[in-house]
Structure formats: C-alpha cells, structure tokens
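Look for chain A in each of the two complexes below; its partner is chain B in the first and chain C in the second.
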Partner chain A sequence: MNGGQSLNRKKQTGQTRKLAIAPYLFILPNLLIFGVFIVIPSLLGLFYSFHVYDGLNPMKFNGLGNYIKIIGDKEFWSTIGRTGIYAAIVVPLIYAVALGIAMLLAREIKMRGLFRAIFYWPTMISFIIVGLTWKWIFGDSFGILNHMLTLIGVEPVGFLTSPFWANAAVIIATVWSRAGFFMVIFIAGLQAIPTDYYEAARLDGATGLKVFRHITLPLLKPTSLLVFMLSLIDAFKAFPLIFALTGGGPGKETTYIVQYIYEIGFTKQELGLASAMSVMLFVIIGGFSALQFRISKGGAV
Partner chain B sequence: MELRPLTKIAIYSLLSVAALFWLLPVLWVVISALKTNSDLYSYPPKLWPHPVTFEHFKEAFSKGDFGLYFKNSTIVTLTSTLLLLLINSMAGFALAKYRFRGSSIILIGFISTLMIPIEVIMIPIFKVLSALGMYNSMLAIIIPPAATPTGVFLMRQYLLTVPDELLEAARMDGAGEWKIYWSIILPMAKPILAVLAIFSFMWRWDDFLWPLIAISDPAKYTIQLALSNFIGEYSVDWGSLLAMSVITMIPVLVVFIVFQRYFVSGMITSGMKG
Partner chain C sequence: MKRRTNFKLSFSLVLIMSLIMLTACGNTDNSTVNTGSTGGAKQATLDFLWFSDGNEGEVIKGIIKEYEQSNTNVKINLIEVGFKDLQTKLKTMISGGKPPALSRITDTGSFANQAVDLTPYVESADQFEGQFIDSLKPYYVIDDKLIAAPMDVTANGLIYNKTLFDKAGVKVPTSPEEVWTWDEYIAALKEVMAKGGARYGMVWDVTPHRWSTLLYQNGGSIVTEDGSAAAINSEAGVRCMELFKQLHKDGIMPESVWLGGENPNNLFRSGTVAAHWAGNWMISNYKDITDFEWGVTYMPKGTQRSSVPGGKFLMAFKGSGNEQEAAAFINYLTSKEVNSKYNQESLFMSPRKDSSVLDYEFGKEMYEVFSDELKNTSPLAANDWSRQTLISKISTDLKNNIIDVLSDKATAQEAMDKTAKLINEAIGSQ
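And now, the complex of A and B:
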C-alpha cells in the first residue's frame, strides 16, 4: 500500500511536470515563426534604419542620417502625398459604396444571397488578377471602355497614360475589389440594430432620410469606425493591385509608398534608407491601428 | 416591413446596375480569353468570340511554364494551410486551456504582431531568409505565413468553450497532453478549422508579397508572381495572360461556391488578415 501511494505520487508529479511544459511546447512552433520572421525582422529593420547599407558591403553607422535625408527628399514626400490623396478618395468611396449596397441588401428582398455573392466574390480574386482585369478593360488602344466611350460620342481617354486617369483607374479597381468585403461588415452591423428603433421612428412619422441620419448612422458608429480604419490601413499598404494595373506609372504618378520603399530597397539596394522609410510607414500605419484600437475600446468587433 | 412596389423596383434596379459593374469585368476577361488572337486585338472589339477557341488555354500549358506555376501554387497553398491548421490550433489550445507563466503576455504579443504588416519589414525579411538559406526555397513561402495571429486568436476564442472537466477526465484515464489535443480538441474544433482552412487557402493562393520577397528563381514562381512578371513585359501576350487568369480564378471560385455561407455570414469579419 505504501509503495502504491508513492508510485501514485510519482505519477502525479510526472503529470504536473508534463502539464507545466506542455503549453510551451504547443506554442513553440508559432512563437518560433513569429520570433524569426516578425520580431527579428522588425528589430533588424529598425537597426538598418540607422545605418548606410547596400546589402553587400559592411554597414556604416549613420545616426539619424537616413531620416534627415528622407525629410529633405522631395520624391518621398510626393509619394506620401500621392498615397494620402489616394487614401482620402478611396476610403470615403469604399465607405459609401459598401454602406449603400449593404443598406439595399439589408432588406427582405428576393435573391438577396445571389446579390451578396456577386458583390463579395471579387474580394477573393487576387490583387494581381484584379489589376490585370482592369488593365484589359482600360487598355489604351484596344480597351473595351474606350470603345464604349466612342460609341456615345466621347473622345477616347488615355486611362493608363494620363496621370489623372491612371490614378482614377487605380481607385476604381480598388473600390471594385474591396467594397464587397466591407459590405459584409456593414450588413452585420446593420442587422445588429434592434428593429424597435425603426418602428419607434416610424410611429413618430420620421421618413427615410431622417431615419438614416438619426438612427442608422449613429447606431452604426462602431462599424463605421472599423471600416474606416481598416480601409485606411489598406490604402497605405496598397501595392500589388497597382503593380499589375499601372506598374506605378505613367512615370511615377501611381507609385505609392510601399512600391517606393520596395524600389529603394530592392532595386536601388539602399537598404538603410528603405528601412528608415519603412519605420516611418510603420509609424503611420501603427498610428491608425492604435487609434482604431482605442476608439473601439480594445478592438472588440 | 412590406416594401411599397415602387421602392422595390428602385431597389432592384439599383442592385442590378451595381451587380453588372461587379460582374462584367470578370465576364469580359472570360469572353476575351476565348477569342482568337485576331479577334482579341481587333478594333472595334468584338463583343462575342467568333469562333470560340481554347487555343490560349492550351498554349498556356504547352508553350509556357504555367503548369509548373500552377503546381507550385498548389503545393504551397496546401502545405502551408495544413501547417497553419496544425500550429495555430496547438497555440490556440495552449492559450485557451492551460494556465502558465507568461500566457497573457504571449497572447498579447501574438495579437500585436497584427500591427506590423509585412509591407514594413520586407527588407529585413529578405535578409533573414537569405541568412537561413531559405531564399528561393518554397519553404520560405510555406512556413512563415503559416503562423497567423488571426488563426491563433480565433482558435483560442473557440476553444475557451471546451469544458475543463472533459480534459481532466481524459487525464484521469491516463491520456497524455498530445493525445488530448489530437483526439479531443482537434475533432471538437472542426468548424473553426474549416473556416481557417478556407481563409488560408485564399490567402496563400492569392498571395503576392511573400513570393515577391522570397523567390526569384522562375522554376519556383507561384502563379501570382508569374502573372505579375508577364504583365510587366514590354509586349504583353494578352491571350495567354487572360486564359491563365481564368484558370487561376477557378479554384477560388469553387471554394467560394462550396463554402459561401462561411464567407457571406458575419463569421468572416474577424478573419480578415493573413
């Protein structure tokens, strides 16, 4: 009996030991990958940003030199400016389109599922193919869009050769590819609004626009903020779609910040400089994320 | 609430116009891919292929290496997704069902990695991959993207609902921790695993940035990387490019149709980042 008890105890301590190690082992693969491919690169990037480094020769400490250089770099600021303008147009546009469609689809109508599927499906197509699709449509010499314009008597437009229209093309393609995603978020938000509010408003004799302004919009505020911030962050990360659609051109007219950093880092091999720009982009994006996190009180969706 | 007939007509017309805007571009790509080369470049464009031809589809496989890229993308997507399901569920399980030192810090750490988009660490990632000898290796686009904060978080939230008594009972019966994970937790987590699998499939199949950073050897190109290269060429071969795009869209379309309810329900609002 005595022997049995000690054996039991041994088994138990063995088990508690296992219980103590097991969670760490379960977490290990994820932790390792995060460590090696996110944490280390982040620190490394920060480190590079204070050095002159071409990837081959030993790096040279440069203090804040890269940052000072960037602050005086006209091209960097015009890239940031272009990205900002793109964001300032694309974010409200996505917001309005996604909310508009969500409002239409939030009602009890037939074929609702089909319509939702049609609007959502483009969000699953890769940015490269979205860019390619629209390039085929906008295409200068043989694009279908220019043909349609001539049919209604409008002069053909150099969609991908004029700076203005190239940016417009990028914006149209972005809205086309992302609206469905945000539509789904809006539909969920709209469905969470209790119908009592609408009924009460109707009894008070409120009409469509008034109901929208005084009930739907205020109650939709958390969802709106989420959509706003997510699409804003997306806008500052925009790259693959544009890479396929315009290649950043004509000239540099549709080169936004991520592509610019990519070119400085990989094409021009100025790793230190590109890293400093990345740190600045991180501050911008991180600022938006932190803001969203704070506004939504801990990110509860 | 019954809608007035006039409102109904207005809603349907608005929706139909919008639906056309979202459908026609893809439809135009499909129609164009079925045209002969002379029809493809004719101006004014012909609205319908005449005759319908599959030559571009055949060409894509016979003339170029599209078959290879398709195979690469398939391998990467499937293995990376399996890896994601395995390691994210393991981590989610640990964070949901064990009390251990550092667990909350690790959870917060995992979630905060969402704040660091890969776009801002492209250059150091490239250096790390080179240092590890993973540059130009398919492992570089299989392993790193498999650890997703979103996946870990969703798994954890889901597994929080598993009662502790169940695990205790299994331990009484002498089951080891791995066995508990493998034969109790995983089967219970099937619905959330399905959601993650679908998303991972889409993320990996559509991914462009990881392959762009990690791969330069054409023999290891994924479809997206290959397409992005073809479109940058001086004279674009639109026929095969459009055909390849159509083929590339098909797997995602199939996944979408089969699992539509997962996507269009609110479920996806939390699963938005790869």
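And now, the complex of A and C:
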C-alpha cells in the first residue's frame, strides 16, 4: 500500500518535472544556434574591439584606443550622417508606399491575390540580385533607362555617376525591394481594425481622408511603430543591395555605415577597429529600439 | 525550489550540449595535426587553395593528376574559391587552426608570418631566386625568408580596338622605337574618336594598381625608394592626377567607369572604346571577341616608359602538418618544364628567366609586347607594390581620393597630400 503510494507520487513528480523541463528542451535548438552564431561572435567582437587585430597575427591589447580613434574619425561620422539622411528619406517613403499599397489591396478588388504577389515578389529576391537588376536599369552606358532616353532624343543621364541620381537610384531600389514586406504587415494590421468603426464613421458622414486620419491611422499605431522600427534598423544595416548597385560610389556618396565597417575590416584588415565600429553601430541601433519601445510602451496600444 | 532545480538542470544541459559542440570542433583540428606529424613517406593529403581568372584551373588539374601518378603517397585536394573570397577563406582556415597545405596567392605580404620558409627545401636561396625575374623578388623574399614561389608574372598594358584604329587610319606603334609620347597618344585617341566613331578614347580599370602605371611613366612613385615615407604627392604624382582628370574632363575616358562602377571590360567588348588599360591576363578573357579585331600595343611614355609588374605565387603554410610535401610540390610546379607548360597553356607569362619566350597557341605577338613592357619598367613599381601590408591599408583610400578629384571634391594636390598623410601614418604604425 504504502510502497504503491510513494511510487505513484514519484511518478507524479516525475511527470511534473518532465513538464517543467519540456519548454526548455523546446527552445534548446534555437538557443544553441542563437548562442553559437550570434551571442558568442558578438562577445568575441566586443573583445576584439579593445585590441589591434588583423585576423592572423597575435592581437595586441589597445584599451579604448579604437574607440578614441573612432570618435576623432571624421570619415566615420560623415558616413553615419550619410546613413542617417538615407534612413530619414527611405523610412518614411517605405512607410507611405507600403501603407498606400496595403490600403488598396486590403479592399475587395479583382485579382487581389495576383497584385499582392506582384508587390511581395521583390522581397523574396536576394539583395544582390535586386542591386544588379537595378544596375542594368540605371547603368550609364548599358542601362535600359538611358537607352530609352536616347531613343526619344533625350541626353543620357549619369544615373550612377552623379551623386544625386546615385542616391535616388539606391532609394528607389530599396523602396521597391522592401515595400512588399511591410505591405503584408500593414494588410494584417488593416484587417484587424473592426469594420464597425468604419460603418459608424460613414454614418456620421466622415469622408475618406477623415476616416483615414481619425480611424485607420490611430488604430494602426502598433503596426506603424513596428514598421518604423524594422525599416529603420534595415536602413542602418543596408549593404548588399547598395554594394551591388553602386558599390558605394560615385566616390563615397552611397557608402553607408555597414559598407564602411566592412572596408575597414576586410580591405584594410583592421578587425579590431571594425569591431569597435560595429559596437558603436549596435549602440546606435539599440538606442533607436529602446526609444521606440518606450514610445510604443512595449507594443501596447 | 523545484522549479529552480529544473532550471539548473536544463541550463546545465545547454552548457553540456554547447561544450560537446565546441569540443567536437576542436577535436577534428587536433586529429589532422596528429596525423600530419608522423613524417617520412607517409600518405599525405594536401589541401590546395586555388582561384581562377581564366582557364588555368583546368591546366593545374592536369598537372596535379600527373604529379599524383608519379608520387603515389600524395593526394592533392584542390579547393577552388573566387579571387575575392580567397583572402577571407585563407584567414578563416589559418585562424581556425586548419591552414591549407598551400595556396595560390597574390597578397604575399599579409601572410608572411604564417608562411613556411622554403629555404631548407631548395638547393640554395640564391640559386632559387636567381631563376626568376628580379622585380618579383620583394614579393616573395621577406626578412630573408623565402615565403613563396612565383608561378606567373603579370604586366599592365594597352589593349586597343584594331577595327576602330584602322577605320580612323591611325597607326599604332609596332616596335619599341615607335612608342608614343603621352601627347601623341592622346592626339591619336582623339582622332579615333573623331574619325573612327569611337564613343570613348579609353577605359582604365578602377584599381590603384592600374592607375599607378601613369605614375611610374611620369617618374613618380607611391613611396620613396627606401620605403620610409610617402612620395605620391610629389610634383610627378600631382601632374599624373591632373592628367587623369583632364582625360575624364575631355570625354576621352567615360566617367561611368571610375565614378559609376561600370565594368570597363564590358565597355571595351561593346566595340565602342578605342583602348583598354588592363594587363596580359585580359588576353585570354578577350579571346572570344568576334565583333571586331583587337590587339596589344606599347603604352605611351611620359618621362620614361613603365608598366607595373604583378605576380601570382604559391605559398605553403605552417601548421598544416604537410609542410615538407607542400614544399616538394611547389618545387615541382616552379621547375622549368612544369612551369612553362602551366603558363603556356594558361596564356600567362612565365616568371622564369629561362622561359620568357613561350610557344603560345594564341596571341604570341601580344606577349612579346607585354614582356617588352616589363623589361622597360621602373624599379620603383615593384618596390611599391611588393609592400603588400602597406598597400592593403592605403589602396582603398588612394582610390577614393582619386575619385574625389574626378568628382571635383578635391584638387589634385589636396588629394595627393591627403593620401601621402595616410601612407605616412600607415608606415609609422608598422
């Protein structure tokens, strides 16, 4: 009797223990991958940032030397500034375009699925291919756009040789490749707004613009913040597309921060300095995220 | 209480798992080192890191096969990577404790500390070095150590569109005696543009290495002869920069190449450009052009004639466990017979003094021009470009500063002064 009871209890505690371990086991694979490929390299990067290191020869401890060098590095700050301007243009543009398309495609229209697919398609193409594709469109001597301009008798434009046009080309390509992704998020957000609100507003005689301003936009706030945050982080990390499209040129006109860090690390072989720059970038992006998290009160409405 | 023990349990589980993963990685490293240290006529597998510009990958595969047949204890595992990825791949392998036995390499200086000193494996260092063109020596002899061996030598040179020149009735120099001056050359290009219908006079590869050809032709250099200070902002350097800008301003060179990242090879291939400043490696690349005729002619002279030499080398690495076998294979590949075969079939130039004339299947007369360019090259060119660690630190800045001049952001003097400052800083930090 007694023995059977204790056995039963043992079984029970065994089961609860299993239940308690299970969740950890479920997250284990991801935790391992995250740890091995993200956390450990990040910590190593932090470690490198205090050293002079070329990836081969023994590293030398340098204290805060790398950071002091960066703070006095005009090139670094002007690159950050350029990245900031790029983000300031690209983020609102992506927001507006994605929201606009989402509003159109959230409605019941013919071939909605096809149009959604068409706008979503570019997000599935790798950035390198997007960059190369647009290079064939904007290219100075081989670009389709210049070919068509010459056909209608207009002087070809140096799309990738003039600083202004090169930046414009980068922005157009970025918006084209990213808008579809955020469109999907917006469509989900739009569909989550109860139709009662719209009906009530219409009964009150509100026009389209008013409905948008007073119902759609406020109720989309959590979605909007998410889109802003993601696209801002995207913008600060932009690299492969631009590298393929302009290579950072003409000159350094479209060299943004990640490419700059890449060049320091892998062309100049100064991995310590590049790591320190990455840490600075991490702090900047982390700052944005914290700020937006606070504004959005942790994502709550 | 219980929850905490469970947490501890799963946490330790995570730790154990990650430990297993880490040690698993570590173990493989150890085992390769162990098998390697036995020595003698053991079975050895040599990892051979390789990149290809043209068809030399196929040529080396044939040579490897022959080598394996006569050396049955050696197996060579050719690992092919893109040229751009070679350095990163090599670094990862070395810092991960698993260096390849040997690698084809251009940037010898960066890996000097990791390279096997080949001196004990050759007859004598002097005899070995004596076999090769003198200008290559600073690339593979560093601190009196034989850190690599030359496989082929490259020369910058001038490839021209024969069809366009013929159409304009402009003759190119056919012997070293007829070499253009820079003024004559520019006049010739203008004529080809006016009468031959070329859209641009010339395109020039976007690399400081190709750009520097102009520098040496005008008696300039990147650093002083003893390497103690920058020389790029000398009067000659500034004059070159101004000429380079003028060529863009006059529309002889398209801005889309240096400013817009357009590929000069594609422009030349389109048949609308009179000349391409590249190097001998482009011969095998342009071999398939059928829309027009092209050829190689002598580059114009400034205050003197000059090309820029370059080379591709073989380097063996310390810690692979197969240093001896790798060195023996390198000896084989640099021997007269094998090296000549390799270069002849790949359409490359041999770095060996005794096989400078090879019986190429294609473009034999073009190679004569290239080797004449090499013979008439300023010694300062090799002196600059063999300083690989310095060059890798400043070449991006040099390129950007040249572009700043082209896009009117800096004057020639400002850009060269800025570059010189960076060069001096880099020299100081070495």
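Please note the rule applied: the second predicted complex is superposed on the first by the 245 of 301 C-alpha atoms of A that agree within 3 Å, B and C clash if a C-alpha of one lies under 4 Å from a C-alpha of the other, contacts with A are read in each partner's own complex, and residues count from 1 in each chain.
Everything that follows uses one rule, which is that a contact is a pair of C-beta atoms (placed from the backbone, for glycine too) under 8 Å apart; a residue touches a chain by one contact, two chains touch by 3 or more.
The shown structure was predicted, so the numbers you read here are calculated from the model rather than taken from an experiment.
> Quick check for you: in the superposed arrangement, does A:G158 touch first (chain B), second (chain C), both or neither?
Touch partner of A:G158: chain C, not chain B.
> Per the contact definition in the header, classify A:F142: touching chain B only (first), chain C only (second), both, or neither.
After superposing on A, A:F142 lies in contact with both chain B and chain C.
> Identify the partner contact of A:A20: answer first if only chain B is touched, second if only chain C is, both if each is, neither if none is.
After superposing on A, A:A20 lies in contact with both chain B and chain C.
> Check whether A:S278 is in contact with chain B, with chain C, with both or with neither, and answer first, second, both or neither.
In the superposition, A:S278 contacts chain B only.
> Scan A:F115 for contacts with chain B and chain C and give back first, second, both or neither.
In the superposition, A:F115 touches chain B alone.
> Which one hits more chain A residues, chain B or chain C?
B
> Regarding the shared-chain residue A:K69, is it in contact with chain B (first), chain C (second), both, or neither?
A:K69 contacts neither chain B nor chain C.
> Look at A:L104 in the shared chain and tell me whether it touches chain B only, chain C only, both, or neither; answer first, second, both or neither.
First partner only.
> Looking at A:G247 after the superposition, I want to know if it touches chain B, chain C, both of them or none. Which is it: first, second, both, neither?
It touches chain B and chain C both.
> So which bits of chain A does chain B touch that chain C touches too?
20, 24, 31, 36, 55, 141-142, 247, 266
> Can you tell me which positions in chain A touch chain C when the two form their complex?
Result: residues 16-17, 20-21, 24-25, 28, 31-32, 35-36, 54-57, 139-142, 158-161, 163, 166, 246-247, 249-252, 263, 266-270 of chain A touch chain C.
> Spell out the residues on chain B that touch chain A in their complex, using ranges where they run on.
Spelled out, the residues of chain B in touch with chain A are 1, 3, 8, 11-12, 14-15, 18-19, 21-23, 25-26, 28-29, 32, 41-45, 86-88, 90-91, 93-95, 98, 100, 103, 106, 109-110, 113-117, 119-128, 132, 143-144, 146-147, 152, 171, 176-178, 181, 202, 205-209, 224, 227-228, 231-232, 238, 241-242, 245, 248-249, 252-253, 255-256, 260, 263-264, 266, 268-270, 272.
> In the complex of these two chains, what residues of chain C are touching chain A?
2-3, 6-7, 9-11, 13-14, 17-18, 21, 87-88, 91, 94-95, 110-111, 113-114, 254-256, 259-262, 266-267, 270, 392-393, 395-396, 400, 403-404, 406-407, 409
> Spell out the residues on chain A that touch chain B in their complex, using ranges where they run on.
For chain A paired with chain B, touching residues are 15, 18-20, 22-24, 26-27, 29-31, 33-34, 36-42, 44-45, 48, 55, 101, 104-105, 107-109, 113, 115-122, 124-129, 131-137, 141-142, 144, 147, 150, 176, 180-181, 184-185, 187-188, 191, 198, 230, 233, 237, 239-240, 243-244, 247, 258, 261-262, 265-266, 271, 274-275, 278-279, 281-282, 285-286, 289-290, 301.
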